[in-house]
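First chain written, first letter: the chains are A, B and C, and each begins at residue 1.
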Amino acid sequence: MISSSAEQGEENGRHRWGMVIDLDKCTGCQACTLACQMENNVPITGPEEFEQGRTIFFTEVFTDLEGEFPYVEGVVVPRPCLHCDNAPCVRVCPVGATFHNEHGAVVIDYDACIGCRFCTVACPYTARSFNYYTPEFPSPLDRALNPDVPVRPAGVAEKCTFCFHRVDKALARAAEEGRELTNSELTLLPACNQVCPASARYFGDLNDPNSTVSHLQRSPRAFYLLEDLGTESKVAFLRSE
Amino acid sequence: MENNEEKEKSGAPDYTRREFVALAGMGVAVAGMVGVIGNAVVTNFQEANVSYAAAGEETWIKSVCQICPAGCGVNVRRVGDNVVKVEGNPFHRLNHGRLCPKAQASTQVLYDPDRLQGPMQRVGERGAGQWEPITWEEARARVVGELDRLRTAGDAHTLLFLKGHAPGHMSHLIDRFCQAYGTPNVADLGSQCTSAEKAAHLLNQGWYDTSAYDWEKTRYVIFFGGSFLEDWQPQVQMLSAYSFIRRGRPDTRGRIIQVGPRLSISGHKADEWIPIKPGMEGALALGLAHVIIKENQHDLAFIDDHTSGFEEFSALVLEEYSPEAVAEITGVPAETIKRLAREFAGSRPAIAAAGQGLGASTNALFNNAAINALNAVMGNIDVEGGVLKQRYPTFTEWPKATLPEIEQPRLDGAGGPAHPLARCVYHELPDHILNDDPYPVNALFIYDCNPAFDSPGASRWREALAKIPFIVSFASVADESAVYADLLLPDHTYLERLMDVTPPAGMGRAMVGLASPASAPLYDTRHTGDFLLEVASDLEGMAEALPWATFEELVKFRFKGVYDSGQGSIQADSYDEFWQILQERGVWEGLRYQYGQWDEVLTTPSGSFEFQMEQLAEIANNVSDGDGEAVLAALGIGAGTERALLPRHEDPVVSGDEENYPLQLIPYIVLPDAANRAPNAPALWNIYGLLMKEGWGNWAELNPETAHALGIEDEELIWVESPEGKIQIKARLYDGAMPGAINIPLGGGHTAGGRWASAVSGANPADIVTPLSDPLAGSAAWLGTRVKVYKAEGNG
Amino acid sequence: MDLNENAEEILAKHDPIFKPLRGMGWRYWLTMTLLLIPILWGGYAYYLQVSQGLGVTGLNRPVFWGMYIVNFVFFIAISYGGTLTSAILRLAHAEWRRPITRLAEVITVCALLVGSFNVIMDMGRPDRLWELFAGRGRIESPILWDVIAVNAYLVFSIVYLYLPMIPDIAFLRDHQPGHLGWLYRILAAGWTGSPKQVHRLEKVVGGMAVFMIPLAISVHTVLAWIFGMTIQPMWHSTILGPYFVMGAIYSGLASLIIAMAILRKAMHLEGYLKLVHFQNFGKILLVMTFTWLYFTIAEYLTTFYGSEPAHIAVFNAKLYGEFAPLFWGQVLFCLVIPLVILLPPRFRTIPLLVVASISVNIGMWLERVMIVVPTLTRPRLPYGIATYSPSFIEWSIMLACAAWLVFFFMLFLRFFPIISVWEIEEGEALEREKANAVPTPELTTQTASTQTATLTS
């Protein structure tokens, strides 16, 4: 049940954005988590919100530790929204407020969302968040708001957008210059990718079989989270070895 | 009519009017409620807000992040007057356009709502928190008055200037200011960080610095102590290096071993974690050396050409540090020692790296020397993929000036018999201050550090601060130390000021970043560099040494030397052009690292890597007017014995006896808080405790078996008590904690510093760390305290 | 069946039904006033939520759904006691349903209203409620199915309640209008009681009864599919639809029993709501208890046997983890107590049946909690175990909803007869006809012997 708009994207020769995260390079520094929050005007919250589990992260690092001392194994995985082609969240939205944009990224129309949170419970990756409060940016922190990204009100869902605002801007600029964006330019478009000190994240066009992301997604090290669920996530991970 | 008759017939009472009233009343109540709710629904909800304060032209300014000492280049995005994002500066080679999470929080530092907005002076009792605003003229007059008074009374040396990790020329300026003023008492945070490593390099190679490394070509790394992905300096370089070691070369996936007392994120990402008790790292290094030498894997060429004292060293190692003996000392199995040694020797180039500062015990110097020796044994020094000596830019020479003779020794005894190799011993200052030993402190300037919070035995610092009669704090937010100040003279935050930042030893090649102001100052704050220069100009005789009106002038003066060298990444026809390019790019870097410049790499008197640290004897003699042996003996170093000058394992001194204090306290650093000058940035607290899924406060990790033996459950509140004092904190069970240890991350337990810093829960482990030191290097033994742990009854 | 003929008689005979319509006692008004307290308090609580955002609840990430959704399901389930019961009983020609159908249908309407309140209050943007209806609604979404089904069910239930009320309203219009005569006149819609009208009415109601059953089943099935259509562990279960329907019948029936018992006592309806009614429902309830047991075993055994980690995590949370008290409480209230009371026939007294029914309702509320919350506390990715603890806002609103349910019901009582007089009369008339048609004992023997004679000849 690939969304018709995602299929359209493939047919029209439009881009189909995807991401690859190399877990062998990732250091668990969480720079991606912060860069995204700063880029996307994610609300500032404090310890009470954190205790209650309402801090909003678009991309976040999760860890899983197993074993007993001294044979303890751990994985460290940064997880953005996986922008699934077969997205459970898109399917269940009663008002179509979340949908695939023309490039296959799953985005949210904040002015249509009714806050039912069906999408947030439908996502098997728990990648979506909800605005339980009206965001506050105590002055003068509101001066640091990114003018390219709306500030969401209380009562709507939000999540990683593949920084489509930066992508669109770059595409427009490249179009003006009469050229395509290169792989290395594309990779740095999402804020998380741009900041990663380990250069562990890649971004690009899955419709282009020669793009870095297409190439890496064919790697023998590549895997998808919870692949068996059939979400057709567009974010692949490269396992450590 | 009919109705009433019927009612009378059936005897039913008539409620109609009352009913009507009741029904109407209910209807009104309900309708009113619906109306209020409806109104709230209609008025409370907003559309997504797409237009607000930041409007205007987009510009980009190059600056350098100063939230930790690494100095990553940043590219600051401004829209109109507002700084909206801090991204990496692609020109700066140290971080090549990338950043760690701390830099991302820069906007939360600049726009921190709890910033001090201008100079203030204390009214009322110290610690009462009552301040009144003053002008900068008044502040300057007061400071000048105070300093003048002290100097006239012959007490210039009683000024203590804590300069923290002051960046670039702020550090130089403070040094020169103090020199020109007449006090020897400048202290940075080195003793809490890297003093031992630096002192070891001084003895082994002749220069007092940490090493740079060529990570990109190395094939094998052993980290002894610390957590290289969390507490390294410079961190971002290490993060990139890790990635490169793993995946940067198509034919090689470098191997990484983490030796240490705790399974950190670095331990998870390493190929192997070797649990080891604190203070035993040197023994392990010597055990590896033993196997390598015994099996003839050592680099004869390098040893012959560039080292001295190898025979003595190998004799010691072969005799006393067999794998079995080392297994006894360290707890690492002999087979593992042999295997690691063979891997290390067989994977050249390889690097043995000492974990940064915090993994230090009282035997830190010898531990570091042992690790250096291991590198020397394998010829890893100054080769591709090995250990390098950091180069620095050549700044203009300081102008000639008559500087006062300072007769008094340093307050902290650095460079004296107590700590011959130390440059400063920050963490021991409280004891000297409290005891007026060797003299009282009459004035204290606090810049870029927070002794009441960040030092071992922080409680002693708080006592000491209470005693000093005149304290000036330059902090931007009123932190735990500022509480004790008489004057609050807030510096600009880094985005508002000009600063140069030289990264700590990192890549080898010289580099320096220039931070240009990315925002006009928000408030009536002042660049501390400017302020000090103004004060100097008011004090007689200092202007000659500090002939600049502003900090910028000073920096420009000094950078001319870089331009004059004609080398490096900025080629310009004039100094003005040079400066302009420097501002545009935000960084200057020198030539690519030149290997084999032995006259720079090995600057010991013998010009060789000294396995046997001859300088130690000489330095000991110097500090004691010839009685070096007594000095060494007093320091517990086997004076007179043959092997006194060789790196070896000595059991660390630990405060608290094993019986009463059964657990070893292991404070550690997590990346979001490492050397963090931004404790009031809420974004960093959200990510503070990744492994334990915690945030906004710290905890104490216990091995599950250890915990159960004490009857402690996960998330229970406990007391952790050392001979210094006790703290109450939440216990977390963690299989990455060694039995018999309790690990507590630094950062929790703030009581000041802004609304978010104050909201952080937990407790400050620094409060209960005894400020022991490595006697030679004067480095703080963060891991030198034992504690007892018990449930906090009636709590939580 | 023309009640007008014996109006006086009817009024006197069914005095317990007609008396309240002339005026309620002080107890009624006191109860109504007391009910207003939690209702207004709940309104204030919701006002706080609207002003401050859903953060005033105990919800978080990943437990995005909690009390409101639990109560949404719970109250909608209560509606099953009504229309489903009365429709099925009507179609089955079970004559003993006559005194019960109307009050059951009123429960349905009230429960549907209150259930819908809950889901509206769960919305982050209730100001956009209209979007769901005004063409923006996406038919692919189970929530839309729910919106359509619940609304259709509500509309049709109102109609299904109203239509059989017409003859009684007409009677009131003619013989006991009081101050509400104008209302009765409008609602009676010109009913004269002519055979043609009667026939038409019976036909429509009968037809609706057939249609209401699949409609009602579809309502709770699509409610289940809000969970079932996701891929979350222990939600994505094929049995969830039938499970919800069965559970709804179970708790709906229990609620009906409670309502009947209270009405019987409070309004002296012993003549109508007889022990046999309760016992009949008691037997059906017992059947439902076993049905509940069967479905529960089917659900949990398959989960346990499959041992898929994500599912077992939720399973363990329910049976052994922090939800164990609630889960085993659910078993106690849904299974143990009802069995103990309902199995032995001599325990099927009205008070004990009420106890069993209350137990069933408590247990079924716990079951809804068990369905909604544990799955959300165990996300598939290792973020750690989440917790959920409802805030006082959510409890206040739950209390208010319960109060609303009773309030609506009692409002109905004041204005309309809670028992369908004309249907009772119709039923008695039918019985008399049957009695007349049945031969007298002597006649029977004669006929039999005659027949025997005929047969043997």
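The rule is simple: a residue touches a chain if its C-beta (ideal position, glycine included) is under 8 Å from a C-beta of that chain, and two chains touch if they have at least 3 such contacts.
Bear in mind the structure is a predicted one, so any value in this text is a computation, not a measurement.
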Distance-to-centre winner among chains (Cα means, whole assembly as reference): A
Farthest-lying chain, centroid of Cα atoms versus that of chain A: C
A-B compared against A-C, more contacting pairs: A-B
Chain centre separation in whole Å, for chain C relative to chain B (CA means): 66
Centroid distance [mean C-alpha coordinates] between chain B and chain A, Å: 32
Interchain centroid distance [CA atoms averaged], chain A/chain C, Å: 44
Junction residues of chain B, two or more chains touched: 45, 693
Where chain A touches two or more other chains at once, by residue number: 63, 134, 154-156
Multi-chain contact residues (two or more partners), chain C: 125-126, 128, 383
Residue ranges of chain A in contact with chain C within the complex: 49, 52-54, 56, 62-64, 79, 88, 91-96, 112-118, 120-122, 124-126, 129-134, 154-157, 225-226, 229
Complex contact set, residues of chain C against chain B: 15, 19, 22-24, 29, 32-33, 36, 39-40, 43-44, 46-47, 50-51, 125-128, 176-179, 383-384
Residues of chain C touching chain A in the complex: 52-55, 58-65, 122-126, 128-129, 131-132, 136-138, 140-144, 147, 226, 229-232, 376, 379-383, 386
Touching residues on chain B, where the partner in the complex is chain A: 45-55, 79, 81-88, 95, 97-101, 103-105, 107-108, 110-113, 229, 235-236, 239-240, 242-243, 246-247, 253, 263, 265, 268-269, 273, 275, 522, 671-672, 682-687, 690-691, 693, 695-697, 703-705, 735-739, 756, 759-761
Touching residues (chain side chain B, partner chain C) in the complex: 3, 6-7, 10, 12-16, 18-20, 22, 26, 29-30, 33-34, 36-37, 40-42, 44-45, 693
